[in-house]
Structure formats: structure tokens, C-alpha cells
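Presented sequentially are two complexes of chain A, the first with chain B as partner and the second with chain C.
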Partner chain A sequence: MSRWTYFAKRLVLSIPVIIFGTSLTFFIIYAGPIDPVTSILGMGATSEQIQNLEQQLGLNQPLWEQYFQYMVDMFTFSLGESWVIRPDVAANEVILSYAPRTVLMGALAVILPLFVGIPLGFYAGLRPNTLGDYTASFTGIVWRAMPNFWLAVIMLMVLSSSEYWLFGFNWETWIVSTNVAGTPEMDNLLQPLNFIAAVKVVLPGALVLGSASMGNEMRIGRTAFLEAKNSNYVEMARAKGVPGRSIVWKHIFRNALIPLIPVITAEAGVLVGGSVLIESVFGINGIGWLFFNAMARGDLPLAVAMMYLIILLIVGLNILQDFLYTIVDPRVGFEGE
Partner chain B sequence: MSMTENKNDSIVERVKENPGPAARWGAVMAFLLLLEFGAIWGGIMSIPWDVPVKGLADVLPAAIGGVVTGIGSVFADVGNAFAEVPTLLERQWIPNRGYHVPGEGWQGTFLGLEPAYAWLIRLTLVYVYAAVTAYWAWRGYMTFRRHYRYADWTPADDMIDRFRSHNWGRFGLIIVAAFLVMALFAPAVSPTTESQNMTNPYDTENSMVKYYNENAGEVQEVTAGSANLASKSRGDRQNFGLWTYDKYDRFHPFGTLTTGKDLFTFMAFGGRISLFIGLFASALAGGIALSLALLTSYYKGLVDLATVLTSDAFSAMPRLLVLIMLVTVLQEHWISDIYSGAFLLAFLFGIWGWMGLWRAIRGPSFQIVENEWVTAAKGFGDRPWSIVKKHVAPYVIGYLLIYLSMSLGGYIIGAAGLSYLGLGVTAPTPELGRAIAGGQDLITTKSWHISVLPGVMITLLVLGFNALGDGIRDAIDPQSSSGDSSGEAAAAGGGA
Partner chain C sequence: MSDSAYAPEGRAEEEPLLSVDNLQTAFFTDKETIRAVDGVSFDIRAGESVGIVGESGSGKSVTARSIMGLIDSPGRVVGGSIQYKGQELVGNSEKEWQRMRGGEIAMVFQDPLSSLNPVYTVGNQIKESLRLHQGMRGREATEKAIQLLEDVGIPDAPRRIKEYPHQFSGGMRQRAVIAVALACDPDLLICDEPTTALDVTIQAQILDLLHELKDEHDLGIMFITHDMGVIAEVSDRVNVMYAGEVVESAPVEELFNNPKHPYTQGLLESIPSRNERGSALTTIEGEVPTPNEPATYCRFAPRCPKAFDDCEQVHPVPVEVDDETDDHEAACLLYPDDVGQTEAVELHQSREDATEQEVTE
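Showing the complex of A and B:
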């Protein structure tokens, strides 16, 4: 099986995955014990109102017909309208208005650990069993064990009285004056000052969100680096007299990257799930906040639409991961059967 | 060692041949367990037996159903009677609740000691008892190994020896054991009772607090609920922090909550819930992952492909979001009432937890199936089920344990995260996440302990389980690297 056949196979297999996830969402939401009509009308609705609404929403049709309609709607991206949070506004419009903050935070949460976790891990792997290695490893392990939302609470405390904790450093007035918690202003991001302000507001959240993956990347980076360093081809290269710098970058680095790929892509699920908690700690109203509120207030079409988009996002990232594998690791497709 | 005569003897027959060591060990163990007989029964009785009994009675015709509930209630009465048997570690032997009368010292506490010391003595006694029992259980294994096992050496011996010299793993084991003891003995280690602190603080029978009223100059009684109102930690204005007494002479080792309840009691009982969720979810997820790994490694091909697809589909829905969705949807359902919603959480964590585990053990189980002994067993005509049970599963379980230990922390963090959002385990049943949420606004004040201590406890617990997992891995497979990415992903907390 060639590499590209392998990739094509993975691509085809993602279709049933999407269908399964979307169907499961439908059955949890619409076939479960929750009653959408009362969540819109409240408890004091008359039976006539209820019937009208059921007619309007198509809830009086048999379940399988609703299901069929729903699947067609989802795959044609007509995601329905919000019921409660912003009544009668298209779901995708609502999601789009909340998305930028989470996207900004998520992007930072992916990028920061890449530039901190991996170098630290490689540093530790290059000098195994030194004090620096132990410090880095131990910090990573403890960091990983801390609940993200608790870390966020602690961070909020440290930053809101930063002069006391950080030796007179004032976070709130640093570079631009912002609040520690709250929703970032997302208008006019092209202006550098606005952009910096927005980044600064989401930065603590991104740091916390990325912290778990930072610990993972560090640990895995360390072992991957160690393993590659002690492998036969590196010894061979050394015996040939290849200079140290070239060994590190050409032979060790590239091979050590392979086990890191799934860690980086697996972050997506962590980011999306974690954003609910982090956004509620820092008071950022982004996607996670929206999902939690849509569920809590019974805005079912909005929640379903978000779940569908998230499934698409994660499946897309899995495909990206396979694509990266196919490029970076020539052995893909030859392993196993 | 002398067990060479007949290797097919069962363990019972081997014990009969040489009963001495087993009898000596058994006698001490029975004595140790007898000390806590009542508590063990109390534990058995605290399982919500009425749920299955009621369910059964509802399904059956009325007459038989009535009989079933009747029998059930008889068993419940007997069990409750056993549970009433006093135990060594009960709070009534070493009471830490008392009141201070000026000039006369402490009244009602153990030996008239200050409540703090009485509580410390009880806490120490609990841990000593647990340590002795654990050591004796270990002695039991050694007795078995020396006198009753026909093999002089098994691979497991090497693993255990490797684990014993693994400091990081032992550190994890000690932390985990300490928390397990705290959860198991929560009623004994906590400075106040569950009924006073959580379930019915205004009960005039069990929740009365005696104290010395200075104004009146006499000893008076008040319900724990009203006493709690006067011992709230509310930041800089009024705070009952670490190692303090409140106005009713009640001792709070970790301070009080914003509701005036004792934080240590809250955390001990909250730790119970967390560990229950973690262990139950791990058992469920591990069971699913193990059966699927055995199935896929034995049959390969289409079964494997189907499982890959299912696992991809499940992991395409982020666990935390699905849990938020399902817990909200099922809020009114009866399943949310079992164990205050902890059962539902544990169940859902289990259902959404097997994918990473399965991916992590899939590789090793594929390798194990390739071994000659499996081919030989196939050649013998063994049934697939008995082949995988005897020749594959014992090796796979070792790998599974590593990742289970690491993912357990993720479940505990996830459950705490959900209760931080107000979902999952419902009040008044304690959950660590709720304490963090409650004390969040006070964290910059003197009442910082409310949010910080539960978080530290979760961190330690998760750290302990991770270290235990590391230790098990190095014990099982010293050559393996810790850089297994799928395993690490399995161990991640799902972002909570």
C-alpha cells in the first residue's frame, strides 16, 4: 500500500465518522427526555401554543422523518435558527459572532506550547539526567496534574493583584491597559494596539489551555529526542564524522517530531472542551461559553449546530494529522499489514 | 517450595497440606477486619441497593414484586444492624467535639485534650490501622508465594521487585493509598459528621452542638446549621482559616467554607465521590477497551476497521462537551438521582473514555497475538475465548493498568470541572469542583483556603495516579519508553 493510498483510505473512512457523530448528537438532543417546546415557551404555555410551535418546528412528525430532515440540513449546512440566545437569528451567524475570541485564544494555546514545550523537552533530552532535565521534567509532570480551571482561578488571582505577587509588575497597565478578565474587543483587529489589547486579554486563558499540552509535548519531546539520539543511524552518522549540529537538526530533530504530531493535533479536542471552563473563569464569551449557555437554556439547534461544526473540525484535524504523517514519515503505509 | 508432588492441586488442597502459615496469617487478618466489621457492613449497606430492588419490583407482577421488596427490606434491616456494630476507629471512642469552659478546660473531648489533638490522634490511628492492614495483606501475598505457590519464580515477581525499587512509583502508590484511606474512612477522619456538615444540619437529634455561652455563663445547645451560619468564611471581614476554632469551639483543620461548613469534612467526603467516579469510570472504560483489544487483535481485519471507525467517531465528539450535553439532557431523569448524579457522571466518563485506552493497548495486543504460544494454542484447537483469556489477556492487562492509572486523573479533573460549572454531582453531596467555584471570589482575601486546598488535593491525587502509572510501566516493561503518544493522549484530562 503506497502512502497516498493510505491517505485516501483515511479520507474515505472519515465520512462514516461524521455521520455517526452527527446522528448520535441528534439522538441525544431530540430523542432524549428533554422537551424543546417547554424550553422555548416556558412552563405556562397553553396547549394551543404548544401545538402551534410543534407544527412550526416540525416536532410533530415521526422521529425518523425528523432525523432524515436533520441529516440533510446538516450536510447542506443549513444549521437552523437559534431559539433562545438570539431568537430567530441563523445559528451560523450567532456562532460566527462568538467564534473570533475563541479562535484567537485557541491559536495562541496551540502556538505557545509549541515554542515552549518542545524546545524545553528537546533541551532536557539533549542533557538527560542533569539538574536542568529533572527540573524541567518535574515541572512538566506537576503542571500536567493541575486541573486547568483551577489553574485559571489561581492565575486570575495572581494577575489581578500582580503588584503583590510579581514583585511590583503591574499586569493591568502593562503595554496597554486592559482588564484581567472579561471579553476582548474584537473590532478593528488590524490596528496593532487593538490587536495587542485583544491578545493580552485572552493570553492568560491561552496559557492555561495550552498548559496541559505543553507538559505533554515536553515529556514526549524529551523521550523522542533521547530515543532518536541513541538510535543506530545517529551513531552511524557520528562514526562517519557528521558534525554535531547537523546530526541534531537533520537526523535527530526530524525523527523526534514524528511522535509529536498526534499530540499537537489531539489538542483540538482538549482546546474545545477546555474552552468551556476557561471562558467561564475568565468571563470571555466565546464558543465554549456559547455552547454551555445554549445547553443550559435549551437552545437546542444552536447546540446541535456547534456540535456538528466541532465534529467537522476534529475530523478535519485528524485528516491533517494523517497528511502530515504521510509527508514527514516515509514509513507510513508500510507498517503493520 | 516442596510443592513438586502434584502441580494440578488447587490452592485449597495446597493449603490443606500445610495449613500452618495460612492459619497464622488468616487469624491476624480476621482480627484486623473484625475491628472494622461494622464499618465494612456500613460500606456494603451504603450502596444504593433499593435502586435495583425497586427496578426489579416494578418489572415483576405486583405480588412477586412485593415479595422481592419485602425480602430486600429484611436484608436491609439485617445489614443495617451489622453496620451498627461499633468499630475501633469510630469517632465516639476518640471524640474531638467538645466545649471549653473557662477554668475547667475542655469538656467532652478525648481525655480532655484540645479538639485539635484529639482529632490528630484519631487521624493517626486511622492511618496506622490502614498501614498495618495493608502490610498484612502484603504479608499474605508473601506467605502465598513462599508456601503455597508451586512455581518458585514467576515473571510477576520480577515486576514487583522492579516496582519496589522504583521511588517515583512508590511515591505515587503512597499518595494514592493515603487518599484511598481518607475516602474509605471519611466518617472517621473528618472533624465533624456527615449529617452535621452536609445532609441534615438542622436535625435536632443528631446535629446538636454543645457550647459554653460566656454571656449566659452556662453550657447551651444549638443546631449545627445555625452554628454554621456564624462560622462562614467571608473574606477579610470574617474568616476561619487553617487550624482554627469557631465561636462554638468546633475545630476546623482546613478552615470553613463560605457556608460555614467544615472544609476538611467536605474534602474527605468529596474525595470519596471523586475516587468513586474515577475508579468506576476506569473500570468501565478499561473493560470496554480490553474486550475490544482482545477482539480486534484476535480477529483483525474488518473487526479492527469497525472498531477504528467507532473509536474515531467517539473521539470526534469532545468528551467534556458531550458530558455537558448529556448531563443537561438527563437532568430530570431518574438516573441522575443515583448517588447524587455521581453514577451518571462515572458511567458517561467510562463510555467516553475507552478510545484512548484501546488505542494505547492495541499495538501491544497485536504483538502478543503474534507469539508462538498463541499459534500453538490455536493448533491445539482451543476456543478463541479461552486462547485470549489465558494467553493474551494477562499481558494486555499489564499495559492497560498503566494507561488506566493515568486516565483516572483525567476523570477526576473532568468531574471537578463539571461541578465547577454547576453540573454533575448535585448539592449537598460534596464535590471538590464546587468548593473551588464557591471560594473563587475570595481567593485574594484571607479566605483563600476555600479554592486553593481542594485544587491542591486534586493535583496531588492526579499526580499520585500518574506516578503510579509510571511505576507500573517501568515495572512491567523496563525497556519501554514513556514517550508513547497515544497513551499520553489517553491520559489527558480532556481539557478540564
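Showing the complex of A and C:
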């Protein structure tokens, strides 16, 4: 089986995963303990009002009919309308108005560890047991060990009185004047100053969110690079006179990436869950905040739509992982003779 | 200097291709200093195959890596000289080593399964050698790579060249590793247990291949193994190593017919096929000691059936075994054979050597 046949197989296999995940979401949310009618009407509603509303929302239909309707809706991307948070506004519109902040923060939370953690691990792995390695490894462990919620609070504290903690450096007025926490303005991002302002607001959150990943990627990167560096094929490359730079970039780098790929994509998946917590600490009104509220206030179509999108995102990440594997490692899909 | 001085005619008179003299390589750890190679000397001439044989841990591979400049911290070559075509290699900078490695001295490694980079095609790895040492690129390199694969006996080379190492069987991978080494066009080939990981029939094929290549390219070959049977097959000359030292050195037939050092005798007795069926195999009791102090005694003495009191006191140096046979040296207090025991011991005592000195970082 060739590499690309393998990849195509993974692609096809993701379809049943999406169907299963979406079905599970339906049963957990619609057949679960959440009572949307009461949360819309309040405790004092009459039974007539309740019946009317149930009929209006289609909740009096048999469950299997609701299920089929729901599945068809999801796969045709008609995600329905919000019931509670913004009544009668299309769910995708609501999501779209909250998403950019989270996307910006999430992207930063993935990119920062990628461009800090992996190079640090690279550096440490190529110089094992030197002062540089010890410093990088120790920093990595400390960074990895700090709990998100704690780090978030500390970060807020330090940044909000930064002149005091950071030797006169004032975070709030640095480059552009912004609040330490809060909802970033997402309009006109194409203007450099607006973009910088938005990044500056989500940056502390992104740092906290990516902190664990950064430590992880550093540690695993160090091991991966060290292992590749000590491998027989690197010794053989040296023995045939390959210059040092080419050994590092051609022979070590690509092999060291193989164990890092699943770590990176798995971290990206974890961020989706982590953003709920971080968004509430930093007051960033994004997807995490929206999802939590949709669930708590019985806005079922909105919650379900977001679950569905998250399922697609995670499956997409897995496909991306398989794709990267297929490119980097020729042994993928090889089952022996 | 011209290469013609190293031409094959007139074996004994001509300059050796590689001349290792009193080489010492030590590894410095917090606990101790391990003298992995402790005063090893031997020569290799063009078109000659020199075998290095010994148990695991006797310093064979470290000798090879010292010659390639592949000793990494905490190890270091601490003494002696390695001369290649008259040029001193000890003390080379990394840049100078890079010029030696591959193009002049190439190496075939022990484990063909892990010696090829798994993420590049076999062709890519051969072409890398060609580009570095023969300046070939593109189509020319591809054609040369196909030819090299055919030379080492891989059928269907034009297709194989596009395949990855995991698509090759063990024997084919070792052939590919040899092709990568040959692509560098070396004058000296170091084979570090190239057949240990292979099964016996493939082993014989690879040995035949090396033999052919030696004659075709007039290569000097340094062949490392722990297998006496393999040594008999491939080498013209044998050095027996024990705990970082060469204990016996002789042409292959002389060594097998007339082993002098008790260790060599023990090694030969422990080859299954040489012994009569049904009789129990002889073994050498104990294991190779770690050479972590200067040798002021014979390192083999604790395991030696012929050891006597002086073995604990005097460090044996390589001497001719007797007057009649030349070119056969053993480092054992029993020799030279033709002088009395006490006289022999005195002879060894009078020759102080580097292995008895402390080495420091």
C-alpha cells in the first residue's frame, strides 16, 4: 500500500467518525437533562405557554424524527437559529461574530509554542548536557508545570502593574494603548495598528493557553533531536563526509519531526477546551465563552452547532496530522512483505 | 605527494596506506578513565585486507572510529599517531576530517538496518556521496548510482534506486550501505562488523563482494569482527585485540596454523566447526576487563591458563615470537620462544611503553 493510498484511506475513515461524533452530540444535548423551555420562559411559565413553545421549537416531535432532521441539517450546514443568547439570529452568524477573537488567540497559542518550544528543544537536543541545555530544559519543565489558571492570574497581576514588576516597562501603553484584559476590537484588522492592538489584548491569554504545549514541545523536541543525533544513520552520514550543517538540516531535522507531529496536532486540539477557561479569566468574549453560555442557558441549536464545528475542526486536525506524516515519513502505510 | 607511491606492487617495501602507531583513545567519565584503545599499532597497505578480531569491548570499534575522527566527547584520542598516506590525522580540525571522511577513508557500519536514513531513498543517499566526493549531479549521478547498485549485486537497480531503506531486505541494505561507501571513491574501507547482523548465506555473499571490490578498486580494507571464521575468509593479516591492546599480529595463515598468544589459542578453540563433533566446546572463562588504569601487568592474566607470577608484575609488549618466523608478534611474557623464561620477562620489562603511563584529559 503506497503512502497516498494510506492517506486516502484515512480521509475516508474520517466520515464515520464525524457521523458518530455528531450523533453522540445530539443524544447528549437533546436527550440530556437540559430543559431549554424552562430556561427561555423562566420558572413561572404556565403549562400552556410551555406546550406552545415546545411545539414552536419542534421539541414535541418523536426523538428519532428530530434526530434525522438534525443530521440532515448539520450535513447541509443549516445550523439553525439561536434561541436564547441572540433569539432568532442564525447560529452561524452568532458564531462568526464571536469566532475571530478565539481564532486569533488560538492561532497565537499554537504558533508561539511552535516557534519557541521546538527551536529551544532543537537547541537543547543538539547540545546535550551543556549549560544551555540545562537552562532550556529547566525552563521548559517550569513552564510546563505552571497550571493554566494560576499562570493566568499571575500574568494579569504582573501586566496590570507592569511598571512596578517589570522595571518601569509599561505594558498598557507599549506600542498602542490597550487594556490588559477584555474583549479585543476585531474590526479593520487589516490596519496594522488595529491588528497590533488586537494581538496585544489576546497575547497574555495565548501565552497562558500555549504554555503547557510550549513546555511539552520543548521536552519532546529535545528527546527527538537527541535521538536522531545519536542515531546510526547520522554517524554514517558523518563517516561519508557530510558537512555539519547538512547533517543537522537534512539528516537530523526531518527524522526528529516525526515524533513531534502528533504532539503538535494533539496540543492544538487541547487548546479548544482550554480556551473556555482562559477566555473567562481574561474576559475575552470568544467561542469558549459563547459555548459555555449556550450550554448553561439552554440555547441548544447554538451549542450543537458549535459542537459540530469543533468536531469538524478536530477531525480536520487529525487529517492534517496524517497528511504531515505522509509527507515526512516514507514508512507510513508500510505493512511489511 | 603522488598516489603512485601507494601502488599495489611490492607489498612489503612500499609505504603503507594507513599507519597507526601507538594509538591511545580514552573516555573520561566522572568515575574513571577508560582506556578503550591503549597503544595499538598496525599498518594497512593498498590492496591489503587487515582483520581486527576480539571480543565485545576489546576496543575494535573505537579504533575504527578514531581513524575516522568520529570519537565524540567524553572520548578523545590522547596519544599516538595515525598516518594516512604519510599525512598525520591526529589533531585534525573538523574541517580537515570532513575532507578525509568518505573520499579517502570510508566506513561500512555494523547494523545495516539503522545505518541508512529511513526518510530518504537509497538513491538519494548514494547520490549524496557522489555529489560530495565526485562532484556529480543530476542525470550523471543517477546513472552512476544505478551502476554502483548493480556493482554491489542489487538486481533491478533503476527501480530500487527510488525505493526507501525499509523496502530493502537486510542483506540488500548492507549492499546499499557498501554502495554508499563506494560512491565516495575511497582508498581505504573500514568495515565494522559488516556481516554480524546478517544470516550466514548472505554473510558469505557480502564477504565475496568485499573481496571482489578490494581487487577491483585496489582498496585497503580494515575488517573488524569478533568472528574468527569471517576473519579467516577475508583478511590477509590479523590483529587480535584484547582490552584495548593488540596481543597478537600475524599473517592470516600463520595465525591460524600457529597461534602463539594464549588468548588467540583460546579464541580458536572456541570456534564450533574446528572442534570434533560431540566434544564439549572450550570457552575462555570470565570476560574482558574494562581497561581503566595504566597497564603495568598483563590484562589477560586473570583468564589465562598459562599465567605465572610475573604476569601480574610485568606488562608484556609485542615481540617477535621466535627467530625463525618473522612478521609474527605476540604480546605475552612467554615469548620470544627461543630464549629462557627469565630472559623473556626481562626483555618485556626493559621496554617501557606508553600504555603504562597515566593519561589525562
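What we mean here is this: the second predicted complex is superposed on the first by the 334 of 337 C-alpha atoms of A that agree within 3 Å, B and C clash if a C-alpha of one lies under 4 Å from a C-alpha of the other, contacts with A are read in each partner's own complex, and residues count from 1 in each chain.
Assume a contact is a pair of C-beta atoms (placed from the backbone, for glycine too) under 8 Å apart; a residue touches a chain by one contact, two chains touch by 3 or more.
Quick caveat: nothing in here was measured; it's all calculated off a predicted structure.
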Should the superposition on chain A be reported as showing a clash between chain B and chain C, or a fit?
-> fit
Partner chain in contact with A:Pro147 - chain B first, chain C second, else both or neither | first
With chain A at the apex, the angle to the CA centres of chain B and chain C, rounded to a multiple of 10 degrees, reads 80
Given the touch rule stated above, what does A:Phe292 touch, chain B (first), chain C (second), both, or neither?
-> first
When the two structures are overlaid on chain A, which partner does A:Leu112 contact: first (chain B), second (chain C), both, or neither?
-> neither
In the overlay, answer first, second, both or neither for which of chain B and chain C A:Val270 touches.
-> first
Touching A:Leu53 in the superposition: chain B (first), chain C (second), both, neither?
-> neither
First (chain B), second (chain C), both or neither touched by A:Ala124 | neither
Counting only touches as set out at the top, which of chain B and chain C does A:Leu302 meet: first, second, both, neither?
-> neither
Chain A contact check, chain B vs chain C, more residues touched by chain B
Does the superposition put A:Met214 against chain B (first), chain C (second), both, or neither?
-> neither
In Å, how small is the closest CA gap from chain B to chain C once the two complexes are overlaid?
-> 16
Chain A positions touched by chain B in one structure and by chain C in the second | none
Along chain B, where are the residues that touch chain A in the complex?
-> 300, 305, 308-310, 312-313, 315-322, 324-326, 328-330, 332-333, 366, 409, 413, 416-417, 420-421, 433, 436, 440, 443-444, 448, 451-452, 454-455, 458-460, 462-463, 466-467, 481-486, 488-489, 492-496
Listed in rising order, the residues of chain C that touch chain A in the complex are 68, 70, 94, 98-103, 106-107, 109, 111, 114-121, 128-129, 132-133, 164, 166-167, 177, 180-181, 184
If you look only at chain A, which of its residues touch chain C in the complex?
-> 231-233, 235-244, 250-251, 254-255, 258, 328-331, 334
Over in the complex, which chain A residues touch chain B? Could you list them?
-> 13-14, 16-18, 20-21, 24-25, 28-29, 32-34, 141-142, 144-150, 153-154, 156-157, 160-161, 209, 212-213, 216, 219-220, 222-224, 226-227, 259-260, 262-263, 266, 269-277, 280-281, 291-292, 295-296, 303, 307, 310-311, 314-315, 318, 336-337
